[in-house]
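Quick one: the structure is below, and I'll ask about it shortly.
Labels run A, B, C, D, E and F following the written order; every chain starts at residue 1.
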Amino acid sequence: MNDVMLTSSPHSHQGTSVGQIMRQLLLACVPGAAALWFCFGWGVVINIAWFSALALLLEASILKLRKRPVLATLRDCSAVLTAVLLALSVPPTLPWWAGLTGIAFAIVVGKQLYGGLGFNPFNPAMAGYAALLIAFPVQMTRWLLPDGVTPALPSLADSLSIFLDRELLQGIDAYTGATPLDKFRQHGEQLVSEFWQSTPLMGQWSGRGWEWINAGFLFGGLYLLYKRIISWHIPVAFIAALALLAALFYDGGNAHSHGSPLMHLFAGGTMLGAFFITTDPVTAATTLRGKVIYGALIGGVVFLIRAFGNYPDGIAFAVLLGNAAAPLIDALTRPRTFGHPQ
Amino acid sequence: MSASPRLWNFPGGIAPLAHKAESLRGPIRRTTLPPQLIVPLTQPGHVAPNVLVQTGERVRKGQILACGDDATGVTVHAPAAGVINAIGEQSVANMSALPELCVIIDTDAAETTWDKLPPLDYRTADADTLIARIADCGISGLGGAGFPTHAKLRAALRKIDIVIVNAAECEPWITADEALLRERAADVVAGSKILLQLTGALRCLIGIEDSKPQAVAALQAAVDDPRLKVVVFPARYPSGAEAQLIYTLTGKEMPSGTRPVHNGILCHNVGTVYAIARAVLHGEALLSRIVTITGGAVSDAANYEASIGTPISFLLQQSGFDERSLSQLVCGGSLMGIALPHAQLPVAKTTNCVIAATRSELPPPQPEQACIRCGDCADVCPVQLVPQQLYWFARSQQFDQARANHLNDCIECGACAWVCPSHIPLVQYYRAAKAELAEQDTKQQHAVHWRQRFEAHQHRMALEQAQAEQRRAERAALAAQKQEQAVKAGPSPQDIVAAALARVQAKKAAQAAAKPSSDDDNGASS
Amino acid sequence: MSNSLPHDTTSGVLWRRNPALVQLLGLSPLLAVTTSVVTALGLGLATLAVFTAASVTISLLHRRLNDALRLPLILLVNATFATCIGLMLQVWSLHLYQALGLYVPLIAANSLLLVHVDSIASERPLLTATAAGLLTGFGYLLVLLVFGALRELLGTGAVFANMEQLLPFAASWKLQIFTAESPFLLVLLPPGAFLLLGFLVALKNVIDRQLARPVANETSMPGGKRVRVTGKI
Amino acid sequence: MSNANNTLLRYCLTLAGVAVIAAILVAVVHRATQQGIADQQQDNERQALNQVLPATLHDNDLLTTRFTLGPDTQGYEQLPLLGLSAGRKGYIALRNDAVSGIVLPLEATGYGGPIVLLIGIAADGKITGVRVQQHAETPGLGDSIDIHVSPWITVFDHRNLDDTPEPLWHVKQDGGDFDQFTGATITPRAVVGAVYNALQFFELNKDKLLKQPANKEPR
Amino acid sequence: MSHLLLLLIGAALANNVALTQLLGVGPLFAASTQLATSIRFAVATSCLLIASSLCNWLLGHLLLAPFGLEFLRLIVYALVIALIVGGTALVMQRKASLLQHRLSPTLLLLTANSAVLGVALLDDDKAHDFFDSLFYSTGTALGFSLVLVVLAALRERLAASDVPVPFRGSAIALITAGLLSLAFMGLAGLA
Amino acid sequence: MTMTALLIPVVVLLMLALVVGALLGVAANKAHTEDTALVARIDALLPQTQCGQCGNPGCKPYAQAIAAGAPINRCPPGGAATIAALARLLGVQTLPLDPTHGSESIRKVAFIREAECIGCTKCIQACPVDAILGSAKHMHTVIESECTGCDLCVEPCPVDCIDMLPAQSALQRWHWPLPNQRMPGIALIASDRTHGAPA
């Protein structure tokens, strides 16, 4: 009784915790990750393991350096989540050193330099992705061809060799090629339907394999919505803006078309971005109206980059731009306080 | 029974586990008189009370122990007869855990006569009489804040349309109001009618959560006046907070910075209304109140009608207190209550509940983590603040920003901290920041006042200086005249010395004449 | 921005209150032209020249400065010298001039130069003004140089490439320190410039704290500087 | 008010005085450096041309035998082969007063936008050099076409349409003779295609081009 | 018309003055410590930028070019900027210059903005006609203002962050700008 | 070099300079900057204790000094809050309070032990806000609500009968402190969250 701590009210709590939320997110990643593994093989798994280990190590050393509690903080799982999301975004052929650079940038520059969990204005995983893309464009644009397009996915041994940056028997070029979005950018004078015929890369609605990957993340996202871990505002606004713009510029699928809404929704990182990345509460806008604006802004920029920019996909850049705008959006969309005029 | 009235939905809110059944298993218990009572003399704003008794003095039950200085002061009565053992600073159930002035009475259980005032007929008495009676009976709000009821009523005299009786009791664990309503609804109804009479209001709404069907039934049975209406609304914390309750019942938002009485509404807690009824109809001062004793560390949770000043430990004992399983001792509900350092503290007029909680019920707070801006807090804030932003501003000590974001509208309900996955003690941040802002305001007021005073002072000094200057000039002219004469006469060194001496003499005389002015010292050199 | 103090010591200008690192003055060129040593050195020297010339000129004119005239006069002087240096640089090495692009004429609007000329030269006699101009310009040059070398090294693995553009005899100065399969492009691009400078500033802060540690706080008498508001002292 | 006018006058005069000095200074420096700058500019241009057309191939000053080619220039067969979007300069190399080679401006569409090239072709149809003058390819991917980044662009030296027949004017991935870069096929594909087009254009307009001096511009 | 629009978008986003062209970076940091200040400053800089760009275009084409005096352009542009900055500041100065014997910070921040002079010079280099110049300077002004205000809002947020001590202040501001610049790289190719 | 080659630039720049000079000159004459406004705005942020600890005879003089360039960190009664407000107004960096001018403390008021007072009036003369009542040879009292706590009256008192006492009781002063700021999740030190310690 003597050493009872006297604290301000309230004295009870709902019982949720940050670690719990992050673990739910990790769980929700599983369907999408499984689809990635199915389509691209072991590289994905290797990346997840490597990134997670590095993230924990880096975060622990910085916390140690800053004399902050290490274990208690690692237990919030946010570093692992960052690592997993980054690993799910990068090509499965990334050599170990590029992964190291990327995760170091994400955890150290993107997160810990700002003070760690909760303080970072930019999405660490996307900061890491963007930095990697700029720094090592060759490795970052080297996507595997999905199962079904290529006769064989690299075996586990081959995947490990690729990861360790060793020479392969057949050469890595045998497995790699442009992603569907990249290929689509170069459809030149073809009609969309002609383009679809011309390459085995395209599947039902979108890139072969990528459809399933996006469906996986969509499924995980719906689980998060159901669990009320995330609110609908950002994903819905993001998807709506992207689909709307795509529809506007679809142009009947002729030579100047920028692709159908369906293609855009199930291509590249759309669903991962919509449910797992734009929703990062730390770096997103927080007011309800703000969230809608934020989601729509990112969706719009993603389309602009895909359609008119120099990059085949723009989730990372769009998210970073949205992050930058978030504080401003928040400042401009403060809700009306009870008892105050509008 | 008419069709259920329209209800309005206030924003946000939470639904924590109620924990109310435990203490509602039996009727309100009366306790034996504890051997010693510690009666707090606390006054609004912590100003010093006027103590009217002395150590060693014998007091009767209901005798006035102390009163306040001004119109907002609260009268404190002896809850029981006995001898004053001491008057001094004692720990009481407050947030600071700093001692306050109390009177300790060694009770005399044999002596039970009670100095009551004569009953009043509220239908004929005028408002001033009624308010004076309420003041004489030492009633202050029993709903939480403990604001002197007579002061609130005096401000309410202007124009009140609606009287609202707050029977929401939305906080977990507390059942004092519910118990009161189950057993003594008639007095509450009588008190409401007194308030209607006193204020001239046309309607009285008794707001109560739908989680208290027995109390609702008792109330409805007791209501015998068409002006009174019992309004039942869904349970959601903090439906009992004044502004939220008023909105639920009337749809009126109290403009920020105003109190309900400014908007034609008077809101009182049922306990207060009951006390008003007792004071007016029976002349009884507020000597006891109903206290819920509950929590896993007591085996026999119940409501007690306890004399003010009863040590909490005394009540706990009666309920089978097991100190070993205690984790936290909280006075009030789990969401707004005060954590108590120990149980040797007295029941005060605002003490509605004591929770002796086990570790699983109210675990010690988890370490604070960084805010992840999840926005859960904003979803539940009943005032539609953005709590996390207020937190960021408070944390970085940008208090002006916090003010601009309406920190002062926060009712400290704790809903935000209850949901926060990062376990941030948000309310403590707000309290600290609010205090800081209040301090700034006081400083600002002082500064304005002192600037005026200083300028007045400067002005006065300048005037005095000018007057002194003038006198000096006159003297100088005089001296010059003299000197001129002396020159004409052909001065000698002796003359000059003599003249100087004369000047000194003159100066001393002048100084004696011009009393307080200090400027004359300079005159010597001229 | 206006706190570049006129009474700085050499170590103060070069390190402790280094205008570029501490006050973030003259940042645009520092970030833009430091992709290699040769461009950094070229712009640094040009800026140093304008610094000195403008300091001298303004110090000569300082009696004639007043509120309304200060700005146009300073800009006029800066622009004049920047133009002259630009013309001369074109003769010396057009390649370098083109590599530096806009940043040579933009010396005229360099915030460090403006603040320096405004605060130092206009209050000082000729000689000290010249010295101050040289010193501040030199401090800036050093930062440019260090930053340029760092970025060139990290980005390409070599330093002192293309030095012949500035110094005709320096054609063989290129030092290949390491060869990477994938050059670290990020440091050569604008984001890398910001990030790297951020790290440099932090490094300076760390060093400063290490340096500051042994110095005991001077004890001072609290309230020692009080004056009486009323009455006698 | 006269006081105010006085200060006004003083403002103007001070500023004017300094302005006059500044004008003189700058005018003098400008005058003094004018010639030097012009020389430098020509030197630079010559150096650039030297890279695509070695000095040994000609005895004239290429700057004196410039001509303009643009999208709207008349009189050439299949001008679109050069892909020009704006008027640019070509140069004629003379040896012993005969045309010994030619430098053509050229544009290709790369990954990040237009790639601006200069190609030198000897009178016998052999490429003497190709250089990229401007491009917006992704750093680290497509930018290997820049001589400062990689020597790749020299693979064209000495080739002609005979020793490298049409099927080989492609990147290796498309069955041709030229290396692509790791992770970047579009850029080299574009450059190879453009160079091939330039050779075709040269073949088509050989007669006109090798008689070019009529067209020459005064310096 | 569409090329004017592209010019505007390009100047505002894809080739943002501050983040990709690295012009006006000093004032960007100095004026972005508070959101409210940054907005005022963004408006002031935008007006200055557009006005000076147009004045300078007129002077350059109507005065300097006819007399072959292009070599004077820097001096002329600088004087025009001084006139606009100084004039507005003198007339509108609400906050008296703090230190009487120095240029006021606001004045300095406006003048020392290399974006202002830079745009005038770039107009020449790119041979813009009058409307090009109008749209280009407007785009530049928009781009600068956007980055300034966004950075200010970010830095206000940083003020409450637990940034490691050596990085507090300008270091973390620079790193934030770096990440912002990284984000803007994604817009390459738009326009 | 021909004369015209020199003349044209000279004439052009001369004209331009004259125009710029004239316009700026006119503008400067029109806008004679009012400094008193700034002093008043600075003064509005000072606590008006009028204690002189800043080295100026009163708050207004310190405001003037700041307007003329004095450091903003010299007022101990104002403390960190005042420094922050000044920094915001003036757009300069905040600084810690200059310890040579004193340290921040809670507000105090003068209290005269009336039994000991000899009525010398020295304290009355010292008080900058006329907060002391009394006349010669009669005991003096401080009007508590007017006293700024400057303690200027303490030193002149020949019998040392003036005490500076806290203006508010500990209970009145108490408020919740900000929770432990070392974040995140530093193990809580009991005393940091245990109340009772006045902020």
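To be clear about the criterion, a residue touches a chain if its C-beta (ideal position, glycine included) is under 8 Å from a C-beta of that chain, and two chains touch if they have at least 3 such contacts.
Predicted, not measured: the structure shown is a model, and the values here were computed from it.
Here the chain at the heart of the structure, going by C-alpha means, is E.
Taking the CA centroid of subunit E as reference, the farthest chain centroid is that of B. Simply put, of C-D and A-E, more C-beta pairs touch at A-E. Distance from the centre of subunit F peaks at D, each centre being the average of the chain's Cα atoms. Centres computed as Cα averages put subunit E at a distance of 36 Å from subunit F. Centres computed as Cα averages put subunit B at a distance of 33 Å from subunit F. Inter-chain centre distance (subunit A to subunit D, centres taken as mean C-alpha positions): 43 Å.
Of all residues in subunit C, those touching 2 or more other chains are 66-69, 72, 76, 79-80, 83, 87, 182, 185, 189, 191, 195, 230, listed in ascending order. Looking at subunit E, one finds that residues 71-72, 75, 79, 82-83, 86, 90, 97-99, 105, 157, 162, 164, 167, 172, 175, 179, 182, 185, 188-189 touch two or more other chains.
The multi-chain contact residues of subunit A, meaning those touching 2 or more other chains, are 5-8, 72, 109, 115-119, 131, 134-139, 310.
On subunit F, the positions that touch subunit E within their shared complex are 8-9, 12-13, 16-17, 19-20, 23-24, 27-28, 30-31, 33-35, 37-38, 67-69, 88, 90-92, 183-184. Residues of subunit C that touch subunit A in their complex: 182, 184-186, 189, 191, 195.
On the subunit C side of its complex with subunit E, the touching residues are 1-2, 22, 24-29, 31-32, 67-68, 70-72, 75-76, 78-80, 82-83, 86-87, 102, 105-106, 108-112, 114-115, 118-119, 123, 189-195, 197-199, 201-203, 205-206, 209.
Of all residues in subunit B, those touching subunit E in their complex are 370, 392-393, 395-396, 398. Listing the residues of subunit B that touch subunit F in their complex gives 45-46, 95-98, 100, 365, 367-370, 394-395, 397, 424-425, 428-429, 431-433, 435-436, 440, 443, 446-451, 453-454, 456-457, 460, 515-516, 518.
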